[in-house]
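Presented sequentially are two complexes of chain A, the first with chain B as partner and the second with chain C.
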Partner chain A sequence: MNEERELAINPIVQTSVQHNTQVVSNIRNLTASLFGVAAGTLGLESYPGFIFYLVGTLIVSSLVFALRADGKPAEYFHRPLGDLWGGDVFSGLSSFVLTWTLFYGLVRA
Partner chain B sequence: MAQPVVQTIHRDPALFWWILLPITVVMVLTGILRHYAMILLQSAPKKQALPQIRQQRSLVRGINLRANANVLSPISFQARKAYMVSAYQEGKFLADPEGRGKPRPNPMSDPAAMEGIMGMMKGNMAMMVPQTLIMGWINAFFSGFVIMKLPFPLTPQFKSMLQSGVGTRDLDVRWVSSLSWYFLTLFGLQPVYNFILGSNNSANQVTQQMGQMNPGAGMMGPEQDPDKLFLNEAENLEVMEHRWILEGVEDRLLAKFAI
Partner chain C sequence: MPLIGATLNTMGLMFLTHAVYSTYEHTATFPSAPLPLDITIELLFSTLVLSAGIVFSSPSLKPIQWAKWAGKIEREGWQSEGRWTREGEEVLSDGDPYAFLGLDGGIGGKGEGRRGFWDVRVKRKEYAEWVKTGGHS
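What follows is the complex of A and B.
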């Protein structure tokens, strides 16, 4: 049974996919800002700061995986690997840099 | 090589209250203002004549038939296909059947096309004008201050941009003036708008560009020849492979409950 036939039998509803993406991106943006606050308060500079962000997003990804997707990402994401683990990592980077800079400037420098 | 001396600058705490905070507040408020301005500027869709609507809808009908063909049984799909294809080829749905084969008029002379272009222009203006204004405002009011230190190093190429108005040659690039805070807020405030205005806001330029991908007019652009679109759609319907979704459903059902 080829993939096209499979999609016709179990269709992917675009609205639900959009809703899921929205929920995940909201979580990511909020946590990215909070990570920026944390990194700025800790006074991390250059590479440690970005590594902090990457580690934080990985933790958030695994939390989404465990709590929101109930450990079954295939039911909530079209392509679990790309959409949950890989794709959204850099979407929150700009807000992270914003709050990071703000709090670093306020607290340290 | 000697370790470079870490530069420290003692800054007035009032810089935060009088520069950083006002810029941030102004940026947020501009985004909100732009969102509502875009809503106000959106012109209501114009009323179209009945044949025009019929022309559009019948094309959409063909596309929908193609997209949802799998839920139709072969007989009814064939009947629909035969009807749609013959009607398309005869030009039954055309708004002006006499105009078949004639070259299209210049799109610039068509008022409907001008409407769409004007809408896009308005969107661009609503984006460009506040940005220019705010940049001018920041340059006029807040140039010449070093307000903050970036937590990450940058290459010296950024120096002229981010330290504009600070006439110090040897200052580390990480010390930046108010304009760079403007840029940071410009790129980083999208989530804030998302939380304030809901997800489908038009506050930032990113969503602006997304919106321009499909500028209102839909798939039936006025510059395209409807007759050609119809013939094209007829061809698509002709070559389509139709598979009924209920084909072999008994086997699938039995396989599902056999375990």
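What follows is the complex of A and C.
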């Protein structure tokens, strides 16, 4: 069955989609700066820092998966892989780098 | 739930502040020595606790499938979300968006279930009966 037909039979509530996206992006923004603080204080440099961020976002995604989505992401996200596991990962990267460099400079310099 | 989130956030922030300050002191005293294991563990632990607290204190997600969402609001109705606006109005969860049509009045009830609807056939029949009985009410 093609997607248009599927959506006609099982429609999707736009306000809920917006609300869920906003919740996930809020969590991502807050945790990205938090991981930046941790990475800067640990004194990570170059690739280990980015790997630290990716591992951190994966942990946060699984926390959202377990605590907020009750283990059923298809009920809360249209595309669970993109919206929950990969949602806003790269938009949080800039705030991660910001606090990473800030705390590296504060603690190590 | 809000209490768990607040507790985790407070605990995580305290551990994080302590760990960062310890690192600062350590690097100020021994600039070239690696970070001791206990500070690293405290830092990672506080990060984990804080991210769990952030997830706990975030609002719960809403189901996106219309059937699930409509079933939820049908079961629960308007409910407080535990937040108030600055003007003191309570923030309510989603409710039935078609409640204003009054369709529920027609289910098993006497009404038609459509607001402003006037059933002309019933009225005509009533008038005919009234005429048949002699025009006296």
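Criterion: the second predicted complex is superposed on the first by the 105 of 109 C-alpha atoms of A that agree within 3 Å, B and C clash if a C-alpha of one lies under 4 Å from a C-alpha of the other, contacts with A are read in each partner's own complex, and residues count from 1 in each chain.
We adopt the following convention: a residue touches a chain if its C-beta (ideal position, glycine included) is under 8 Å from a C-beta of that chain, and two chains touch if they have at least 3 such contacts.
As the structure is a prediction and not an experimental result, all values here were calculated from the model.
S.K.: Clash or fit: chain B and chain C on chain A?
M.R.: Aligned through their shared chain, the two binders fit side by side on chain A.
S.K.: Please work out whether A:S16 is in contact with chain B alone, chain C alone, both, or neither, and reply first, second, both or neither.
M.R.: Only chain C; A:S16 stays clear of chain B.
S.K.: According to the stated criteria, A:N26 is in contact with first (chain B), second (chain C), both, or neither; which is it?
M.R.: So A:N26 meets both chain B and chain C here.
S.K.: Determine how wide the angle is at the CA centre of chain A between the CA centres of chain C and chain B, giving a multiple of 10 degrees.
M.R.: Once the two structures are overlaid, it is 80 degrees.
S.K.: A:L34 contacts which: chain B (first), chain C (second), both, neither?
M.R.: In the superposition, A:L34 contacts chain C only.
S.K.: Just checking: does A:L106 make contact with chain B only, chain C only, both, or neither of them? Give me first, second, both or neither.
M.R.: both
S.K.: Shortest C-alpha to C-alpha distance from chain B to chain C once the two structures are superposed, in angstrom?
M.R.: Minimum C-alpha separation, chain B to chain C, in the superposed model is 11 Å.
S.K.: For chain A, give the residues common to its interface with chain B and its interface with chain C.
M.R.: Dual-contact residues (chain A): 26, 30, 43, 106, 108.
S.K.: Using the touch rule from the top, collect the residues of chain A that touch chain B in their complex.
M.R.: Spelled out, the residues of chain A in touch with chain B are 5, 8-9, 22, 26, 29-30, 32-33, 39-40, 43-46, 49-50, 92, 94-95, 97-102, 104-106, 108-109.
S.K.: Residue numbers of chain B touching chain A in their complex, please.
M.R.: Going through chain B, the ones touching chain A are 16, 20, 70, 147-153, 181, 184-185, 187-192, 194-195, 199, 243, 245, 252.
S.K.: Across the complex, what residues on chain A touch chain C?
M.R.: 10-13, 15-17, 19-20, 23, 26-27, 30-31, 34-35, 37-38, 41-43, 56, 59-60, 63-64, 67-69, 75-78, 103, 106-108
S.K.: Contact residues on chain C for chain A in the complex?
M.R.: 16, 19-20, 23-24, 27, 35, 40, 43-44, 47-48, 50-52, 54-56, 58-69, 94
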